[in-house]
């Protein structure tokens, strides 16, 4: 097995190289494209770290959705070529920043390489809790997200809603209520439409599948939701679907559904299982899947809305 | 070199590059890219910690991995908010600089 | 029997790798974007197909084999469409 | 770790505003305003009752979420300090909400407006995030709280949409993101070292290793960027000066205190095992520099809101003197009390001053100090509030600011650290200078044109807040015992 380490080293060098290119590239758009490639490479690193769940999330969110967001932004900024950019910092600041960055990176590398052995781990505790009466899930990550650290996960969904509102609030007063601008202004190419017509339904199926198996295998609400979001964006880029009006009641309900259901079930836990955010023993798994289904919906709607940007045009 | 050690070095390098870009690059979108590099470096550190915590039949400690999933989504939301601000700023003023000097002059002039 | 299957896998994956190699050489050495695109899309689609073909006998169950085929089909679809899109964008840029 | 009776209230203190956010977002503009105002008494009652329970038992109130104790699960924990901060938030947020009703009402004829929906939801979000920051006992849960706070605060800065506010918001966002990610990196290292993120468990296990020092440095740097401690303060004045007055009051009065509170938690609760002399000296020095430097910059500002914002930079500096003073072997309790009274006095005084600055800007149509001649006669109540707030900033009796400085100076004396008296007294003198700059032209002869009579109720809200800042001067001895509840006595070798 001497091939695998060689591949690992190659992958590591590639990731670091592309990262350096993103920082060093002279052209804004080139650095954006570099970043998108970097996101995809990173997903491979996660596979090598035995983190398929993270790899899925990173590929869908870090590579795919973020990629569309940044490329769109880069294109719009390049179109505003006359935009005044601040002056680059002087040599002294650059040297200082370089020294600081090197110091931090060096300290971090040293600390990471000298982490204590044997490493402390909550894996045994999680295994015990997941096998016991607690959550009844085969995928420990889903158990952590929806059961042991449910409070974090619920609040993180609220963060997504605040981000959506924050993005909308950047728009003009007069446009409030209208739909965001379409992801592509021009009429899309035939090839794009064909791609979306084939890919979106297949991706939809795969996304639902990933959510469904997430209770016991790699996958779950985040990963499935992110994939559905990506498919929604493919459809929007082909103009097969348009962004909805931001004052649409359906849209608002879809966005709050995940955290709201989570919150209600969590509070109901006080009556059903004597603790806030506890699940009654016999219903843990169906309840968790119930919550996750709404979370998939909220994530699948929130991510494309974040990419689409503020409302645009007139509300009427 | 095992994957965790390699990933540790990669993570440290990413944090270093990102930090430098965050401080030195004058363009806010590139600052955002740099922030994302730092972010993925930090997530890698979580990943190493998770991988090293392999125990009890698991190839990884699920707790840090779950945190990374939460973190990736939050980082994306932050990027989206920043992009919205940058685009609006560029469209409204034709400037995409954060230099305070570019913004304070005009308002103070009328004070005296 | 298993030796035959192994031989088949090695041959198919090896052939797949050759096409990847050829495509990469094309990407690096060809003079302009259209020819590079040509080298890439031809070589990668065929290369991945051969790799998948070599892996199918080694799949644990028919479902896993089917998944491999779906992966190939999806890559074919997205590869062909993106190549088309890039090609058209290039042609528009030249005009 | 087991839950205390009544501990579920801690979760509800966070969940109530969260439910408010979700409902407001689903129902739209006008509902958001009503929900926020309806939350005010509920939130105050919850905070008050939690404080009562903490005071009655004399021990921290704990709740284990989902019945799964740390390290696998998450706990919430209210001690004297957190209960005090929650009550302060439960007074200042509703005051800002009441003040903002006129400006952020949904206009007639539309179902929903951008400004109103954003303001009311983000205000509730700030409240939820602050409560979680005060109660959180898990470092990653606190990271989520910090992000919640960032995402709520940034859109408030640019709510009026002018380009300079967008630039200020973007700068704020980038600093805040840097702060969160740096904090998160420290969290990752601590988890790698100890396999838990629970504050109590970490406090028991941590030893002074390179890993812990690195994590501590990263987390502190991140929190300082969010608190805008000198020299990471450059984002604060434009952000706080450009936000609408009600938002500035909350941002300056409360939001920066959130990350300061976490810095305290970090050093006194998570890291008591580290020798604290050197980091405390660094933090104290930065704080002292901030107090002097911020005050000097405040002296040079032409606009009232910018002046008040730079004064925040200076007053944040005093807060960090709590690190050398409260970690000293002698007088630690005095330093701790002084620090908290300073937090509260500044929160109330600064919120009142920003609200007054808002009243003034609306009445005069500008906030240029040079054109204030005669304004005090036209707006007596507002200038009374500004003057009394200034009294507290300067640290003159009778005010919370005086009480805080007096406690800190006694802590200096008890521990023999006279050096910290220099920024305490020097900053007070400079504060006198900038308060004089506001009041002197206003009290001089002259006539200002009042474009719109201010609403009496809004002026009274600001006056009420400054009243609390002054009342802190008469805090009974029991109050100081209360804020010590749950303070780890081993912290950095404090007495």
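In this document, chain identifiers A, B, C and D correspond to the written order of the chains, with residue numbering beginning at 1 in each.
We adopt the following convention: a residue touches a chain if its C-beta (ideal position, glycine included) is under 8 Å from a C-beta of that chain, and two chains touch if they have at least 3 such contacts.
A quick note: this is a predicted structure, and the numbers were derived from the prediction, not measured.
Across the structure, the highest number of inter-chain C-beta contacts is found for A-B.
Nearest to the overall CA centre, using the mean of each chain's CA atoms, is chain B. Note on chain placement: the centre of chain B and the centre of chain D lie 25 Å apart, centres being C-alpha means. Between the CA-based centres of chain A and chain D the separation comes to 31 Å, rounded to the whole angstrom. Averaged C-alpha coordinates put the centre of chain A at 28 Å from the centre of chain C. In chain B, 15, 32, 45, 48-49, 52-53, 61, 63, 67, 70, 74, 77-78, 81, 85-86, 88, 95, 97-98, 102 are the positions where the chain touches two or more neighbouring chains simultaneously. Under the contact definition stated at the top, the residues of chain D that touch 2 or more other chains are 72, 140, 144, 147, 151, 154-155, 158, 161, 166, 185, 189, 192, 195. Along chain C, no residue makes contact with two or more other chains. Checking each pair of chains for touch leaves A-B, A-C, A-D, B-D.
Interface of chain D with chain A (complex): residues 8, 11, 14-15, 18-19, 21-22, 25-26, 28, 63-68, 71-74, 110-115, 117-118, 121-122, 125, 128, 132, 140-141, 144-145, 147-148, 151-152, 154-155, 158-159, 161, 166, 185, 189, 192-196, 210-211, 214-215, 218.
Considering their complex, residues 15, 22, 28, 31-32, 35, 38-39, 41-42, 45-46, 48-49, 52-53, 61, 63-64, 67, 70-71, 74, 77-78, 81-82, 85-86, 88-89, 92-93, 95, 97-98, 100, 102-104, 107-108, 110-112 of chain B touch chain D. The part of chain A that touches chain B in the complex is made up of residues 5, 8-9, 12, 15-16, 19-20, 22-23, 28, 31-32, 35, 38-39, 42, 45-46, 48-51, 53-54, 57-58, 61-62, 65-66, 69-70, 73-74, 76-77, 80, 82-89, 93-94, 97-98, 100-102, 104-106, 108-109, 112-113, 115, 117, 119-124, 126-128, 140-141, 143-145, 148-149, 152-153, 156, 159-160, 163, 166-167, 170-171, 222-223, 226, 299, 303, 306-307, 309-310.
On the side of chain A, the complex with chain C involves touching residues 189, 191-192, 194-195, 198-199, 202. Every residue of chain D that touches chain B in the complex is listed here, in rising order: 72, 140, 144, 147, 150-151, 154-155, 158, 161, 163-164, 166-171, 173-174, 177-178, 181, 184-185, 188-189, 191-192, 195, 234, 238, 302-303, 368-370.
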